[in-house]
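First the structure, which I've put down as structure tokens, then a few questions once you've had a look.
Going in written order, the chains are labelled A, B and C, and every chain counts its residues from 1.
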Amino acid sequence: MADYVLNTWYPIAWSRDISYELAKRRIVGKDVVLYRSSTGQVAAHLDVCPHRMAPLSMGRLKGDSIECGYHGMTFDCSGACIRIPGQRIVGSPAVETYPTHENMGLVWIWMGDPAKADTSLVYDLPQYHDPAWSSAEGDALEIGCHYLNLCDNLCDPAHVSFVHLSTLGTPAGEDIPVQMKQTDDGLLTWRWINDSPAIPLFQKFGNFKTNVDRWHYYHYTAPSIAVIDFGSAPTGTGAPEGNRDDCIQIYACHFMTPVDENTTIDHWLHVKNFKADEETNKKLSAEFRLAFSEDKTILEAIHQNEQRSVNPAPVRLAIDASPIRMRKMVDEWIKSERSPATAAAVQPEPSHA
Amino acid sequence: MADYVLNTWYPIAWSRDISYELAKRRIVGKDVVLYRSSTGQVAAHLDVCPHRMAPLSMGRLKGDSIECGYHGMTFDCSGACIRIPGQRIVGSPAVETYPTHENMGLVWIWMGDPAKADTSLVYDLPQYHDPAWSSAEGDALEIGCHYLNLCDNLCDPAHVSFVHLSTLGTPAGEDIPVQMKQTDDGLLTWRWINDSPAIPLFQKFGNFKTNVDRWHYYHYTAPSIAVIDFGSAPTGTGAPEGNRDDCIQIYACHFMTPVDENTTIDHWLHVKNFKADEETNKKLSAEFRLAFSEDKTILEAIHQNEQRSVNPAPVRLAIDASPIRMRKMVDEWIKSERSPATAAAVQPEPSHA
Amino acid sequence: MADYVLNTWYPIAWSRDISYELAKRRIVGKDVVLYRSSTGQVAAHLDVCPHRMAPLSMGRLKGDSIECGYHGMTFDCSGACIRIPGQRIVGSPAVETYPTHENMGLVWIWMGDPAKADTSLVYDLPQYHDPAWSSAEGDALEIGCHYLNLCDNLCDPAHVSFVHLSTLGTPAGEDIPVQMKQTDDGLLTWRWINDSPAIPLFQKFGNFKTNVDRWHYYHYTAPSIAVIDFGSAPTGTGAPEGNRDDCIQIYACHFMTPVDENTTIDHWLHVKNFKADEETNKKLSAEFRLAFSEDKTILEAIHQNEQRSVNPAPVRLAIDASPIRMRKMVDEWIKSERSPATAAAVQPEPSHA
């Protein structure tokens, strides 16, 4: 059976896409109907009418309630049934609802125990709100793989030197080992590639006349967030020692929705230490779109190989230390949710990148 | 395993579509090849050559027999093998055949014990043959759901007020309870909606200046027939008391083929108490086509929800009394067929709407 | 589980399609990546990187080695890992490789024990190399069925009289029994149809003024090769007695790749006892293409019937003697491979048609 961490805030939709109309999404194997009520709050219900299993998303909004499109059973924002046409309400029929919260342009949803849905746990990147930085939303990229395979990829700076040669990587990094350490709420995986040409992206958007020192810090926040801090500064200006006055820096944020066993949606956006006009943001997004489509191609092929073949046990490399630790963290979290006595120790603290 | 009532007449094709050529259909999970022989009778065989499992529908008619297109084994109308090229016939190889009968523009087929295939049991609607009435055939609408889900829908007048607002329903009926009673061969479910505006269909095709009294009688004949008697008369003319001199009345007939667990074909036609020219029939059919496509959309979404999710036990409402009874009837019929000792009591009488 | 003969040479690709670039194929349920190395030899590896299961066919050739496109693990022609970027090679990580050999315009692959991969066992038709004959390659025809169903078809001269009336057969042969005998490495199934009009193909490409004597010799070489020797000579010139001076003769060769349980690729070509110009070869291939598409249609329909229905036990006819023996041979071969003690007796000798 599919198994997911439930007591966590998952991204489920761009805020820009949720208005006063019914929108359908899928997460942890459940269909969810979303709408923005008159209070501005996003309501989220299981997209299944408890009467005949019709999708509520095929119904209508009546005030802040949903009327099922099949027989008119009506549910308010709390999920309570407030009308059954032709009869009085017997018992307390209701539809499952889920807490939501908005931050960083996204609607976040809590699929677990609602009593634990503390909005202070919703992920935040301070730079997103900093006027010295600027950000731009990308796509909701659907990838035909399990979300943990995408997490593997996002705890893994090494693949960049092979997969993204036209955008995010150069061969210079091929043989430079990666480092990792556990953090309060996840993992940090990184490497520096010093005194070498800028990556294609920074050749276009930086203005480097010399070799650069370049960093890739992969911040993973369990279970489904990865924020890649990468940047460059001219070699000799002291970036590796902490002096980054003259640097270009981008946070590439991946907020992943685990749709079901075979599907992940990667809501990606970028936050950078310079003011970008709309044109520049479009060009930057186009570069990321290309890079992430390269990941998608590989991840979907791997998913196919995993599904249809009996493969030998995988060879494990040094670069796998972080993905292996990542999967162990998620496994333990799921186990702790299923046996609540031991849960306290594993639950993460409020997260900040 | 899939389970169906077998000792019954199911509609399988429009008579208009069956001529002296091989036609393939599917019913109760079996492929069937149909053709009209030189006697005018419709022959129906399992569409599987007993030699190498080639579909007989890919073969050729030779006289009134089918020659398999792979090696020429030939089967007559009774299913007996009358030729094996290159050798004499050994044993009594045969292909399964099924009794058929035609009525109301449809070919009906008996998939159960041929000894019980009494053609007097084939469904009939007397008005179909009455010169004061007129009828028109609709489509063979394929719906991606189990046929019992469509039967639910057709034992259920209440959905009309929510699903078919542009054609067959108005909000006036939303809160009017439905009534039901068991009949010799099925169920009758109905309600009256009095002193309110005509439904959109009758606004187009009736000529009402005043409010109307409107009835919806849903005649279900187990296991797979539903005939909806609906009509209207000006309020005050006594329609609810039985005086329908000035009424418009239509029988919307649904003759369902249970194709397999995931597919149903609804052969629908309409019979009405006025002479309609071709143009009017076309317009009427267009209205029904729209309405039934609305049902199709909902039923396919429900089928998806039932397939891919573990849903909580459904809430049952007053309007479900008829669908629940319907499913119980079908279940008992299937059980009685499997344990023949108890079969007599449940088998239906010849049916007339 | 799927089960295949493994210690045999299977055709996997046209030689013309394998160059110094990565090509993906599938056989016996495994994905394989092929490329022609600088020595001209065809290398064949399991198309799964042992690190993260990425398809190696999505990587790059570096010299005669494959670099995985995900993290740069590199494997030479022998499958040995020669590079892991960022670390030294620990243990002996490797990817499975398969022996190959080329003959008759095809790449042949050995999916079983490499120690037994004797290239003298690769199938050969001497006439293919004879300057008095000429040959032309056809297609790699994908058929949605198990390869043994195609083998049934190719141990079965009788179907030609029913399936291929516009190309390879005439009704004259319908009732003529077929004969068979076991050979060193397979089966021979045949019949003569004497003193009747030429088949449509030979009416176009022969020049017959009279009735002909016609032969169909189906040479099956276990497990997945069939070579059909068919031809005609004017009746009265003594062809049945062995005098074929004035004949037209074609070997239609079917080299089958068992892709997986649901898919077969038929690499077909034709070899004939006359010099054909390009135009004639094109026309001939068009005729075969039509005929084999007729087989494809039937075989895919049978595959569907076998998959989705519980069918009665098949009726067996005289013409099935050869297909039944064929399947028994393959079954025994598979069993002998699984219990090696008894293998020697069943393994075929080098094969020549």
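The working rule: contacts are C-beta pairs under 8 Å (C-beta built on N, C-alpha and C of every residue); 3 or more make two chains touch, one makes a residue touch a chain.
Quick caveat: nothing in here was measured; it's all calculated off a predicted structure.
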- Distance in touch steps, counted as few as possible, from subunit B out to subunit C: 1
- Task: Since subunit A and subunit C are copies that touch, just let me know if over half of their interface numbering is common to both, same, or not, different.
- Result: different
- Note on the structure: Note to self: subunit A rotates onto subunit B (CA fit) by an angle, in degrees and to the nearest 5, of 120
- Averaging C-alpha coordinates per chain, one finds the centres of subunit A and subunit C separated by a number of Å equal to 49
- Check: subunit C positions touching at least 2 other chains come out as none
- Task: Within their complex, state which residues of subunit C touch subunit A.
- Result: 29-31, 48, 50-55, 58, 67-73, 84-87, 91, 93, 96
- Note which residues of subunit A are touching subunit C in the complex, please. 152, 156, 158-159, 161-163, 174-178, 297-298, 301-302, 305-306, 309, 311-312, 314-320
